């Protein structure tokens, strides 16, 4: 029987890393433009973060500290699985603390804590083409980007308003990067869009199945598309986090019983824990604290 | 009190343990060996090799066993392994004309040089469940014809002799065969890349598309010129030696479909072709592939593109079952952040409507009061 | 040392980790244009290739990337060195080059002959690695653009005057255009096509 292989540091072979690295450099040089790359078959399913994993594997070094989140949480199963993958193939240090991480791989959220200079945020992207649901053909959407022809996107958003009275896009809300390319921010809630604007961190996007890499350098304009009379707005929650009392954060709705009982808690688990460690308590924690006193 | 869900890692480990248990099944039964799978489930092994594009029977059998018989999962396992293998170079094109054929049939001629050779086919079995297979009964040795050693003439060569069929597709001298596992895909594609995509494409998807062309969605009047199954030599050019050295033999299935003719007042009409070539024995796949290959040549042959099977971007973007299963199944990953965003919007839109309604209602009451 | 032994010597002693560390500097350098980076490795590149330029070649080039060399480099052992260590084909046609290496004082009179990418595929453009006399000293320039908070100042010695015009023309082609890495000995800084340059 064939000898099964031992794997290189961070799984990918060096030639593959070089190919991805070259794509990353071009992506940074053309903010928001999707660079085609020869995405490899990864030992995890397409659609489960193969693009993000390839980007992370190509940039990761032995001194990095890696954080992996899915839905804002470090302990969701796919985040656990990807983190374990890098521990296994790169023996890299991992953390759940946003501020301690040098590389953060994410699916669907941007951490609440402001990212800082030198950090890299790697997004897992399912469909990188913001125009894909308006025009399914790659040959057509490529032309639209080339000609900076984004009228279709505005028409779509405006039809939303005409039909619903609101722009009905709540996640994967399209943005314009550095005044040129319209970009899909990956399926993050639009709540997170403002965090991309002038971020101090480098933002890299990997779409494995669709074979695209794109980037937003630090200190770069990222503007959510909107209209003068219907300006872009983010979600607002009526109550603070039930555990840490935070306002102005994105909340998950947790169903408590079958009688309509529910609570809202931070989607960013690290942020929530950190606040609680610093003595903040929300409505659901406060009574317990009293009881202990 | 709400407790955040912790312990994803323990849950994953336990799931893996349960999976291993279910894979093994009843411990009082002997476990199935790789050799048994290679020998007795050979067509499953062939399909895994073909769609993983890695020719290794033992590893494919291991993948089948590890995947508990789930073919796409097995294909995925073998592909993920293939990715990590170093590349030493490209072989020279295999010469299927020199194939040691085990099966060879043509639907376009009653008899032809080399004969019609049925080989190990299900074709004329009556599909009656065979109770003798319930026990391990002795199986007769097959009857074999002594190989003559001469090449079996290709049907396309018979037609080509009269100039009745278009020649093999040709690329310029300096054309290097593409590899879509190493280069980003780009449309429109050259035919070599398209054939590579189809060769590793999902058997079921290609079967359905090929079928659709027969039912009128991009009909191309196919005749099976020839199907041949057998072993071919694989050779590689070694620059230092200056000639090609044999690396070994592989079993392949080739289908040459002869399709409706093309011609004009200047160029006399000729039959056109669709081509299918697959690792192992997989006639269904090779035939479906040749139908779809021909359909995808619509633009090259100046035909109207009106059916899904003729649409290159549609076919090639969706024929890969590892990609497809990953993306379909990713929907079971948590999406609650985005769902929350949608929930919020739906609630807001509903409350807007409620407000508007109650406002309208109180307006009605007012006007009623005024009337009274 | 003969040119043959020169060509075979050097390289990364720990290819996996050293190429990763040089790449991370390049990535951060492209993300923050003008940031002065220092390559702390001896890759044993032959003259007149600089140490940083040599390390960049080892990090990014392989048999999939064709490399163009300026006259002084192509007549030295550099061509063989890059060929031996990276497998990259050395070509004469600027328009087909993924990477171009230019020795000090040989800044091209135009970027137009290099690949500038297409409007559909602006990423398919040449990256130029240009050696200058010194980085961190010389005339001051102000940088603005993506990756730069307000402004960034760099000092470059040995860039010909024509460079400012070439760069402005390149900027005007956006999203097409070349990207430039300026090198001086062990030091380098990146100028992606988005960066605007002004002499102080």
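For reference, chains read A, B and C in written order, and residue numbers begin at 1 within each chain.
Criterion: contacts are C-beta pairs under 8 Å (C-beta built on N, C-alpha and C of every residue); 3 or more make two chains touch, one makes a residue touch a chain.
Labels paired with UniProt names: A = Alpha-D-ribose 1-methylphosphonate 5-phosphate C-P lyase; B = Carbon-phosphorus lyase complex subunit PhnI; C = Phosphonate C-P lyase system protein PhnH.
Computed from a prediction, not measured in an experiment: that's the story for all the values here.
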Looking only at which chains touch which, which shape fits best: line, ring, star, complete or other?
-> line
Central chain (distance from its CA mean to the mean of all protein CA atoms) | A
Between subunit A and subunit B, what is the separation of their C-alpha centroids in Å?
-> 33
Distance between the CA centroids of subunit B and subunit C (whole Å) is 44
So which bits of subunit A are touching at least two other chains?
-> 36
Listed in rising order, subunit B residues that touch subunit A in their complex are 1-2, 4-9, 11-12, 34, 56, 58-59, 62, 76, 79-86, 181-188, 313, 317, 322-323, 325-330, 333-338, 340-345, 348-349, 352
Subunit A partner contacts - residues on subunit C that touch it in the complex = 15-17, 19-21, 23-24, 26-28, 30-32, 59-62, 64-65, 98, 118-123, 125, 127, 146-149, 174-175, 179, 192-194
Residues of subunit A defined as touching subunit C within the complex = 8-9, 14-15, 17-19, 21-31, 33, 35-36, 58-62, 118, 142-143, 145-147, 178, 180-181, 202, 215, 217-221
Would you mind writing out the residues of subunit A in touch with subunit B in their complex?
-> 1-2, 4-5, 7, 11, 13, 36-43, 45-48, 50, 70-73, 75-81, 84, 107-109, 126, 137-139, 164-166, 168, 170-172, 187-191, 209, 211, 235, 237, 242-243, 250-254, 256, 263, 265, 267, 269, 284, 288
